[in-house]
Amino acid sequence: MKKLTFTDLLITIMVGVVFGILMKFWDDLYTVVKPMMPVARQLLYGMWFMTGVFAFLLIRKPGVALIASIAGAGLSAFIGHGLEVLIYGFAQGLAAELLFAAFRYRKFSMVIAGVAGVFSCAASFGLDMFYGYADLETWALVVKYGLRAISAFIFTGVFAVLIVRALEATGVTQSIRPVAKEEYSLLDR
Amino acid sequence: MPAWFTPNRETWLFRVNPALKFMIFVLLLLFTLFTRNLAFVSWLAVLFGILLYGFSGYPIRKLALLSIPLIISFASSAFTMMLFGKGDTVIWQWGLFKISEESIQHGLLLGTKSLTFGFVGFTFLLTVQPVLFFYAMMQQFRLPSKYAYSFIASIRLLPVVVEEIQVRSNALKVRGITFSRGMKGWGERIQAYAVPLFAQSIRRAQRIAIAMEAKQYQMGAARTYFYPTSYSRMDVVFIGVISVSIASVSMVAFVMN
Amino acid sequence: MKTAITHHREAAFSMTKLRLKFPGEETLLFKDLSFSVRKGEKVLLLGPSGCGKSTLLQVASGIVPNSFELPMKAEALELPDSWGFVFQDPDTQFCMPYVDEELAFVLENLNVPREEMQVLIVASLERVGLHLTDLHTPILELSQGMKQRLALASVLLMEPEVLFLDEPSALLDPEGTKQIWTSIQAATAEQTVVIVEHKIEQIAEWIDRVVLFTDDGKIAADGPPDSIFKDYKEELIRYGIWYPGVWDDYLNSKVFKTLSENRSSTSTVEVLHAEEFNGYRGKKSVIHVPSASIRQGSWVTILGENGSGKSSLLLSLMQLLKTSGALQVNGEPIVQKKRRKTLPAGLSLVFQNPELQFVTNSITDELTISLMSVSSTEANHHAEEMIELFNLPVSGNRHPYQLSVGQKRRLSVATALTSSTDILLLDEPTFGQDARNTFGMLEKLESLRRNGMTIVMVTHDLEIASHFATDIWTVSDGELVSCTRKGGVADARLVYA
């Protein structure tokens, strides 16, 4: 597996940081939805799991999911979301990274991406248990995190994959992915 | 914006090594995250409230303004937990809403934790310069330079990204684009913004990385630093203040109960 | 490798039989290209866009393949020991927020001790003629031209033997262009300099050698500038080079003569009228229009300094900023709402960056998406018409992002033209374009104008204002200070001065 070049790394961190900014705009919407519609609120929560998965689908190298997720969380923390999101970013990114590693960084399908999102969601649930967000009545716990997991799957498995495909169509991804060996043999024609 | 974030006076907190400050604050956060003792967390909130309001060097008016979202998040997370939290000693019940002694406890714990995190976060953010923070991370904590400069380069471009979001939003209006309702609409909306924004940002990141390497930047190579950072007496003071406070808070919370 | 060393004395760098291709492309960009540059030479590479000039600079510097992988091989490759590279885009060359920090970044890379940095930083800014009262100035506050001089200063800190310049003035206004070339010429008398650039007026006298490339990456001509400029004028025009006198040649061309002969006088019908009109960003008024009107079929160019409020004026007319005062479009008063769902009918706006305006994955979809009410055959007919009119690739399936820079701009104008568009607002539609694309764009706009469209366009280019506009507006410091209606074709410079 190819190691990260400096360009890969800078793109990874930039992607994380841009997600952090989009998250900020997202959060403004989300705050409006927050008190009124608890169901919609959980369904939109999946956006928070997209960063790492999206970056990996884009660059397809080891470490990318974790680094992008930390970068995104770092930016969120930097613009006032509180330092604790860094810890969440780390845990969520690590969960997705481990899943991709389990498939030797060779699977990029919707299902794998979606499951990576659910893994991130599970990691954030683990932290929520310590934080105290999970001390709910059983029915409320199941509804809250059930919806959140579904949302995680939709945002990472469907939306992130679709955005990466749309980016592939634009041609920008071509210059950031490793060159296939066959390309070199075409030089001799 | 930057002018708003200039303190009235630079307090001793500014002179603490930023990387050390960060590390200690993160340790405190981890500690707080895993604690379930309400009295302890409440005292921590008071402690960091004092640190923020008393020693960040910003006027009370600004700090109060910054605290509004913290108060809101305290209230909203505490109330949700009180109404839906688990517990057996029921005080009041109406349909799905149920308030119990335990849920009140949990609600207060959750709210107070949020408040503590908020105070710690702002204390750090308001007393640190991002570039110096990364220089200190490289020098005192051996953070590889590739991460530090990638972050600095990315943060530098934030205003450009924000401007592009605005242009995109205007362009979508001019093109008369409308979105479906429900989840599908959210997908369309994300895609409409994400694709052009990421296309621009990826290309920009790639160009900057190439330009940096063209300026003879090498990952892992030895380098000198424009901003030398080190430990000073202030760091000893800082560690002292934090340890004494934590010790006394623990005394009050754990021993005296 | 053995033969190479003897070569090194006189050559700054050289390559023999270079082969290179872009991944996914069928044909090679370079097939057995051999090229070398002698020490101290000032070389200009000219060619059509996409011929590989920029890639050649990247190979010669080692950026390809060290920082950016492309499939390539060569029989021999002799790269310079030390080199510096100035890129085209002023906004993607820096990693640090402040001027002194950016220059220090280079010194850090070179392991220069902290105590020596300050002197070197000051000296490097001096070398490029960038005089700042405070070294700790945010780079974002510099003009584009100053940023390019900063890029040059940072590169000079490495004391490079060879300097590669990849269109350093392409994205600069006339003032910035002049300054960057003055700085380059003053600072690099000794060095080897290899330049790729379309805007060559400032350097035509200075360079020693011109290398002319063909569309398929071969060298068509190589020699002293005088003879190349004389013998290959046709190529210069075809490649869109801004050579000295290009405007004179264009004004004398058959195309322009037919355009200007039949310039019908504009009608007297007012399509837009503004009175005590203000546009706001937040609570601050960023543009004030005391009184202005636009007749149907006129071509208004808006001139003014950077940041004077030209773009804000377009955004205000389009109702994308909060506005106050009186505004009428096609005789109908525009109600100025705070949050509007739909924009005023009849107006359309073309932004500077075409990519931020595209919303679909193909040219055809891009052209038909706004035509929801018509049948699909009609829509396709419209798309085909536009593709023809704007010289876009015949295959409408191409992704808008995969077009050339000029095609992207033309497509972005085409997408703004729906059946209801009467007034077309454009923000610097020719900025950064080569001569050929610029004239092409102007001709397209002129033909639209003839068919009754009203054109309102922001530009820095006084030649465009002189030869194409019917009205010239000047914006200064957030105020529309003058509106001049030209009788025929007058000289904008008189108005502007």
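Letters A, B and C name the chains as they come in the text, with residue numbers starting at 1 for each one.
Just so we're on the same page, a residue touches a chain if its C-beta (ideal position, glycine included) is under 8 Å from a C-beta of that chain, and two chains touch if they have at least 3 such contacts.
Values in this document were obtained by computation on a predicted structure and should not be read as measured data.
Q: Centre to centre, using CA atoms, which chain is the farthest one from subunit C?
A: Of all chains, B has its centre farthest from that of subunit C.
Q: Count the C-beta contact pairs for A-C and for A-B, then tell me which is higher.
A: A-B
Q: With centres defined as the mean C-alpha position, give me the subunit B-subunit C separation in Å.
A: 40
Q: What is the distance in Å between the mean C-alpha positions of subunit A and subunit C?
A: The computed centroid separation for subunit A versus subunit C comes out at 36 Å.
Q: Quick check: how many Å separate the C-alpha centres of subunit A and subunit B?
A: So the centre of subunit A lies 19 Å away from the centre of subunit B.
Q: Mark out which residues of subunit C touch at least two other chains, giving numbers and ranges.
A: 67-68, 401
Q: At least two partner chains per residue is the criterion; list those residues in subunit B.
A: Those would be 153, 155, 157, 199, 204, 206, 208-210, 212-213, 217.
Q: Residues of subunit A touching 2+ other chains?
A: 6-7, 166, 170, 172, 175
Q: Of all residues in subunit A, which touch subunit C in the complex?
A: 5-7, 166, 169-172, 174-175, 178-180, 183-184, 186-187, 189
Q: Could you pull out which subunit B residues touch subunit C in their complex?
A: 131, 149, 152-153, 155-157, 159-160, 164, 167-168, 170-177, 192, 196, 199-200, 204, 206-218, 221-226, 228
Q: Using the touch definition up top, name the residues of subunit C that touch subunit A in the complex.
A: These residues of subunit C touch subunit A: 19-21, 23-24, 28, 67-73, 361, 399, 401-402.
Q: Report the residues of subunit A in contact with subunit B in the complex, numbered from low to high.
A: So the residues of subunit A in touch with subunit B come to 6-7, 9-18, 21-22, 25, 34-35, 43-44, 47, 58, 67, 71, 74-75, 77-78, 80-84, 86-87, 127, 130-133, 135-141, 154, 158-159, 162-163, 166-167, 170, 172-173, 175-176.
Q: Spell out the part of subunit B that touches subunit A in their complex, as residue ranges.
A: 25-26, 29-30, 33-34, 36, 66, 69, 76-77, 81, 84-86, 96, 98, 102-103, 106, 109-110, 113-114, 117-118, 120-122, 124-125, 130, 146-147, 150-151, 153-155, 157-158, 161-162, 165, 183, 186-187, 190-191, 193-195, 197-199, 201-206, 208-210, 212-213, 217, 219
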